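Structures given as structure tokens follow.
Two complexes come next, and they have one chain in common, subunit A, joined by subunit B in the first and subunit C in the second.
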Partner chain A sequence: MIFKSIFNRFRRVHSGIRLVLMVIWLIAVVQTKPEHLHYLIFWMLLQLPHMSVEPKKWGRQMLMAEPFLLFVGLSYLFVYRAPATYYHLTLTEGIWAFIALLLRGNLAVMGITAFVNAISMEGLADGMRWLKVPETFVLIMMQTYRYIGLMVQKVHQMTTAYCLRSGGKTGVHLDAWGSFPGQLLLLSLKQAEATHEAMMLRGYNPAASYIGISKIQISDLTDAIIWLLLFAAVPFVL
Partner chain B sequence: MSVIKCEDLSFAYGTQRVLEGVSFHIEKGEKIGIIGLNGSGKSTLLRLMIGLLKAESGTMHVLGMPVQRENLKALHRRVGYVFQNVDEQLFMPTVYDDIAFGLKGTASADTVKESVESILKRFHIMHLRDKAPFQLSGGEKRAVAIATVMVMAPEIVLMDEPTEGLDARMRRKMTAFVKASPETFVISSHDSAFIRDICHRVIVLKTGHLIRIDTPEVLFNDFDFLEANELI
Partner chain C sequence: MHISDALISPAVGAAFWGISLATAAYAVKKVDLQTNSEKLPLAGVMGAFTFAAQMINFTIPGTGASGHLGGGLLLAILLGPHLGFLTMMSLLLIQALFFGDGGLIAYGANVFNMGILTCYMIYPLVYKVLKNRMGKLAIVFSAVVGLGIGAFAVAVETSLSGVIALPFTLFAGVMVPIHLVIGLVEGGITLAVVNYLRRFIPEKLAQMETDAETAFSPRKAMVSIGGLAAAIAGLLAYYASANPDGLEWSVLKVAKTIPEKAIHPAGEAIQNVMSIFSDYQIAGMENARISVGLAGLIGSVLTLLLVMLVVKSAERLKQR
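Let's look at the complex of A and B:
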């Protein structure tokens, strides 16, 4: 019950403030050195109230980021070979850097995914506008987000239709890799145009849909200060 | 009192003529059907009424306003449009959100909630409230699509093939709904039985030309005309 009330309280904090705290958290996480990896546990706990708790969704997003992290991290293993001891364990600097990269990278991806799920795209846009991010940029981000959703739907429809007529073959054949993405682009743009029409016909005003959806209050500032103090205290306490 | 006045309207998609010299007027509260073969210009005419397309020549006045860029916002608040493809109409994560979409920014949160729940009850779709539109059956999507438009209390409702993909039961519900509604309806459809049941007058289009306006009783009993124009 206590945790739920903490979660609910943080979720009501102004979206711009939550965005600022998220950026601070992200910067701290990605810059964590191998000798300070234990900070990540506590920083993760601190960030939990800002996030939606959906482990399956986190897992999917993290899996998508894994190949990139592994690709970059593997180079460390060959480049940094001097020994380094952290947490009473002696390994090469490359291995420690690799471990740190995986932990930081996965935590960052999980944090961003969970944060966006909790705050919603409209909340994120509202926060960005509060931070004076140019409206054009925010609008592009919102429309791109909607378009990606449509495109994913279209991919599913087209691959289903393709597979039903591909004579039992698995996946999209190499021969079709030219025309298939081309058609996907055309059809998804057509769908996007129709969806945009539907939205405009119901009075959609892009800016109005996200600006000012949350109002800043004194409690938002106090909550943010408490969070920052706890966040900053971790390196000193541990 | 005419709510829609169309005079000598013409439209082309590039070099392809779709509508030529179309003129008619529609009175308040009338249910008007538009029939014709595929490619005769039915959907195009609806889209011209709502301002999604711009006529090449001629005039279109809806609710006393010329259908022009400056008036589109005001027009869209008073005229609803139900797409032929309902997947293009529904775009929010839940049915509730989709129906509420058109009201946000125009009413308080409580009013929005009240209006949405009222419409959900009216259409007997309360059980779909928290469902994702993509999970619904065709008939359910159609009902939700109409609800998203009706919640905005339009004075005129334009519908493009509203009975497409509906079974007999849903079709009966659609008929009852349109008959009982006081709003002006303009319905483009291949479903002649549906048109006959609900419309006061029927506009017949052929290759972009308006060839006849008549009551359903007279029109659908004129088999020579229907046969000559391949409508049966």
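Let's look at the complex of A and C:
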């Protein structure tokens, strides 16, 4: 019950402040050296109030970063071969560097996911406007995000239509790789323009924020300061 | 090609954030969506389309690696460099925040590699210049060059961050060829999409391309890049690493020493006479910083003059 109330409290922190806290988290995490890996575990615990993401979704996002991390990390194993002892365990410097790289990389993704998950897209735009990001950029980002959903629907419709007409073949054949995306783009462009014109005729103003830039409350600042103090205390306490 | 946060240092990340933000400020000034609001849905759809295209990972046979399309060239061709860049920037932010693809500290570097290089270098200096000479192949060639340069930039950024244990030349030697192959695929798909649009909406595509082409001139791009080259050669070269390069590193590992005697005495004699900027310094100058900077600037200007001479000579030979 107490945990849930802490959970809900952190979720209500102003989105602009959450973005700033996220950057602080990232800078600290990516600079953590192998001899300070225990900081990462305690910093991960600090993320618990932000974590309302299903583990599967989390896992999928962390998998995006894995290939490049593994490619770089494996090179450490071959290059750094001198022994190094941390936590009463002697391994090569390369192995410790590899472990540190994987932990840092995955925690960085976890941090972004945890911070952003509780913010809606409109909330994120709100936070960006609070940070004085130009309106043009916020508008393009919002439109791109909205049309991702539209595009995914269109791809599903077109793929289904193609498969129904393809006589039992699975997937889009190589011959259609040129016309398929072209047709997808064409249909999406037409739909987007028609929707935009209809909205403009109804008085839609792209620059207007329909949520509005919310003001920072005292509670946002106190929650942020408490979080920062806990975060900064870890290296001193451990 | 998305770099995650663990592969870039905060200092390098901040530097590229600065470059990307400055470019974004310039692009925002150039794009006026309040008066041209009909471009907004276009940008949204193109951003979503590029997002979808980047989701398509394909395996490169024989390498064990996979890659994905960039999409920056298509955005620049259809939207123009400024709006194309802003669309790529917003798309990369969505990927970093909501899909865990590419980090936030590394966001500036990702924007540089996939946005700035494509929209402000490849599009005006490669595609627009070659479009009339090579026709449709200009798209494929530009995509290949764009991805190759982007991959090289990734190698530079991760090496500057001190994250990569491999020698720079070895790492770049692995990254660049793979991305050249990906560039071929991206070029093919970009060409197919543009051709398709040209077939079904020729007037609209012509209008989009005209708007895109008038937005940014190659001359401006050349001046900007020339200025950047002068800054790197004149100011940053002093801070270059003194460690052996990839070849010397490999030779040291195998032979335990770097041979000093040349194989051909004639070649050595010629080089001793010609190399007025030996070790990238001006002999006799006490101030090392000015010596390296001046040597870098003079070398850059000499390179530019030599390239111009070669190109002019080739053009004259072709005309005959």
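Operating definition for what follows: the second predicted complex is superposed on the first by the 169 of 238 C-alpha atoms of A that agree within 3 Å, B and C clash if a C-alpha of one lies under 4 Å from a C-alpha of the other, contacts with A are read in each partner's own complex, and residues count from 1 in each chain.
We adopt the following convention: contacts are C-beta pairs under 8 Å (C-beta built on N, C-alpha and C of every residue); 3 or more make two chains touch, one makes a residue touch a chain.
Note that this is a predicted model, so its numbers are computed, not measured.
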> What is the contact status of A:Arg202 with respect to subunit B (first) and subunit C (second): first, second, both, or neither?
Replying inline: first
> Between subunit B (first) and subunit C (second), which does A:Tyr147 come into contact with in this model arrangement: first, second, both, or neither?
Replying inline: second
> Now for A:Leu139: first (subunit B), second (subunit C), both, or neither, which partner does it touch?
Replying inline: second
> Which of the two partners, first being subunit B and second being subunit C, lies in contact with A:Leu69: first, second, both, or neither?
Replying inline: second
> For subunit A, which side has the bigger count of touched residues, subunit B or subunit C?
Replying inline: C
> Does the superposition put A:Leu184 against subunit B (first), subunit C (second), both, or neither?
Replying inline: second
> So which positions on subunit A get touched by both subunit B and subunit C?
Replying inline: 146, 195, 200
> What residues of subunit A sit close enough to touch subunit C in their complex?
Replying inline: 22-23, 26-27, 29-31, 60-62, 64-65, 67-69, 72, 75-76, 78-80, 94, 97, 101, 104-105, 108-109, 112-113, 116, 124, 134, 136-137, 139-141, 143-148, 150-152, 155, 177-179, 181-186, 188-189, 192-193, 195-196, 200, 206-207
>> Quick check: in the complex, which residue numbers of subunit A touch subunit B?
In response: 146, 153, 191, 194-195, 197-205, 208-209
> Quick one: in the complex, what on subunit B touches subunit A?
Replying inline: 50, 52, 73, 76-77, 80-81, 83, 85, 88-91, 101-102, 104-106, 134, 148-149, 152
> Inside the complex, what are the residues of subunit C that reach subunit A?
Replying inline: 2-10, 24-25, 28, 31, 33-34, 37-38, 40-49, 51-53, 66, 83, 86-87, 89-91, 93-94, 96-101, 103-105, 158, 163-166, 189, 192-193, 195-197, 200-201
